[in-house]
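A, B and C label the chains in the order they appear, each numbered from 1.
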């Protein structure tokens, strides 16, 4: 088996639906979506206009599913979509689109452009036009279990570290636990603080929780590259793990697209609703706080601001929780421009951070975040997505900015009322 | 044999110089000539020989003649019969039969090249023109014969000017206008159903004064009378501009004299002098009496949709809409079914993708 | 064919054909678009006030936060020409009369002077829209023949309507006929060009609002 143009077009024919038909029929070429896309606003290059990135999909729709298109095609007057064209579109569909979805919020006729980019990626990938970086990451996810090649022993090593640092033993494969905690590979490799934070928070809240040895990885390369068949395999692992352990709630970690994949795409991928709930860790923390299970002491004194992860906020609907939690622990909080659902992407979402060829463009696009950040004068940048965090750190380093980046969950954990967690009881 | 001058004739009729000057001033005014020209017109006309006029009536209703002769007396229009020597008009002349035809033939012979030919009514062409004959001769034959020696032809009324009601679909007699047949003589179209009498007088006065026909528009009508639309000069125009329209003939708006556009008034597309010259001795004109303009001085007014449908309304029923809706729905359903099949076919050949499927085989 | 006959044809058979194609095309397009269907969303929705398809249908008529400043000319000219078209098309006595004769429904009209002013403003805004399309790199880059043709198809009826009312350039009868035929061309091409957005934008906004509302995001 290998990728072919035919298979790609076939997949596009499968995914074209009434919304896509309605969107293409509504577009008036006003170009306002360009103003919402940081790849256009930072480069000024019209080819990065979001709706233009969908040209191959539009042509397939027009030629296959409209009467006029069918007739022109029959007469041999239409220009078929070719491999060369899809190849030329790869940088537009992948390198310069983080699936941030800002364009979908500004289109005056209401087109959900990011919905269509996500769908176009299905055809791009199956016709062999996905970037190598994403293909490799997807390969590792399927074969090893994690896009970064993290295996269970690495998780166990983390668990051991947490035990040494906090004295809390991390539960693994505990059947009947209330919560099953997932992590992203980046949290396992780069941000071990996350697991420690969860352990301390859960202990304070006296909640039962567990990791799952078959399903500790939350990220989903299938969603990023745009292959539902692969995304389904990855979601299924988590569903199987959660159902095997009979947990009530699966907690998606500080990773934007993992949340989108599990919370919103997952049930549609496996073709049925879940038997458990999916919550983002910030939703869990917010719930704990409301129930009086989260006791906080002390404040961050540094001037800090929050970067809204696109997949969590605009695309995920976790809108109020981040600020509510942040204000519990920060008394010098400044809001960045365009906060909440109108936020600007870090430039590395949607798999872009895994595409080597996209690195320079991504750093150019980062200028938006840079100037937003400079305007706040904050020295600490809080976020709730490990991918955003890495991309932000790389960008800040590139532009030699002295700003500290941290995760919100960690920051909350740092301010837990200490008396509560010093006891060595098991949760 | 020659005619007396117009001046002599007027004196014989006991018409004072003062009355004649008043007439000339009125003519100057309706022809939009400078006021000072009235004296010049009077002088020129007094000296002019009354021209011989042959009046041929073809497929017509005599409304044009009625309009001319039944006007209030004494009116300026009535002076027309003093201005000309009407040598043949089979409705008005006392003579009949061969005597009548003889007067026509005499006039044609005696004033060859000088007489004016006035025509009212259209000319039928179908079936050899047999649908209208006079003394056994077709209208076409009579027209062509009389046109040969005419100095100019005045087509009076919309039938002679544009074919008129006889020309209305399906035009069974093959009725045409004078200018459809006569191409080598100057033809003035004085359209209207009927035309305004003063316009006929005006054209004759102009001919007598200047020895030539007045300036014509692209439909052969004297520009001085047909240069503006009824709508341009309508006294109800301010209501149009304010958007105040009568919705029915007996509503508040109609009683208040609001614009009749919505009741089908064709004033905006009709070129004529009714709104300024008016009818019945200057009493009023159709719009003033509460009815919209029918557009009777325009070609094809008879086939231009209902008199009572506004210009912005369809001129005929939208007969295709129902069929189009059915066809649209049918084709739409057809395409939808075809689309479903295509989508299902794409799904049926879908093979679950694996990582191996993402790599292109490079040859 | 003289002016009155031409006018009668465009008011009669021409209008008949144009409305026929318009009805056929619109029905066909709406069916071929919306029967493509979509999969039901199996994810448990998050409910949040202000997030729904219907909310988005209305909300998207206003510029999203920050967007007005990004492209003020597009928004101002866009609003002015759409509202202007609305006024001119739906509130002038002549057009209401047409709608009444076709549907039986009517409503009060605005004075001609007001319609006149709206027409001039609409024309000016449309010219600005065209200038923007030619001058702005993104708009120029996206523009195809269809975009310019659609502009012309929309501009001509407004222009000829104005010229006819004011007896400019051509006799009223001829200009009225041109006005009506320009509208007929617009009707004929509407379902098959981007002008179709007059019908589909409501569906598009609804889909977008609905998909995002399930996530609890008011878009």
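Criterion: a residue touches a chain if its C-beta (ideal position, glycine included) is under 8 Å from a C-beta of that chain, and two chains touch if they have at least 3 such contacts.
Note that the structure is predicted; figures quoted are calculated from it, not measured.
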Original post:
Should the pattern of chain-chain touching be classed as line, ring, star, complete or other?
Top reply: complete
Original post:
Just by CA atoms, which chain is the most central one?
Top reply: C
**OP:** Identify the chain pair with more contacting C-beta pairs: A-C or A-B.
**Re:** A-C
Original post:
CA centre of chain A versus CA centre of chain C: separation in Å?
Top reply: 38
Subject >> chain A and chain B, separation of their C-alpha mean positions in angstrom >> reply: 77
Original post:
Tell me, which residues of chain B touch at least two other chains?
Top reply: 331, 335, 339, 343
**OP:** Among the residues of chain C, pick out those that touch two or more other chains and give their numbers.
**Re:** 28-29, 32, 35-36
Original post:
Which positions in chain A touch two or more other chains at once?
Top reply: 16, 65-67
Original post:
Where on chain C is chain B touching in the complex?
Top reply: 2-5, 7-8, 11-13, 15-17, 19-32, 35-36, 92-95, 97-98, 101-102, 109-115, 167, 172-173, 176
Original post:
Okay, in this complex, where on chain C does chain A touch?
Top reply: 28-29, 32-39, 41-44, 46, 48, 56-57, 60, 63-67, 70-71, 74, 78, 136-144, 147, 150, 192, 194, 196-197, 200-201, 203-209, 211-212, 214-219
Subject >> chain B-facing residues of chain A, complex >> reply: 1-4, 7, 10-11, 13-14, 16, 64-67, 70, 125-130, 135, 138-139, 142-143, 225, 227, 229-230
**OP:** In the complex, go through chain A and note every residue touching chain C.
**Re:** 16-23, 25-32, 34-36, 40, 44, 46-47, 49, 51-52, 65-68, 104-112, 115, 263-268, 271-274, 277, 314-317, 319, 338, 341-342
Original post:
Along chain B, where are the residues that touch chain A in the complex?
Top reply: 331, 335, 338-339, 342-343, 346-347, 349-361
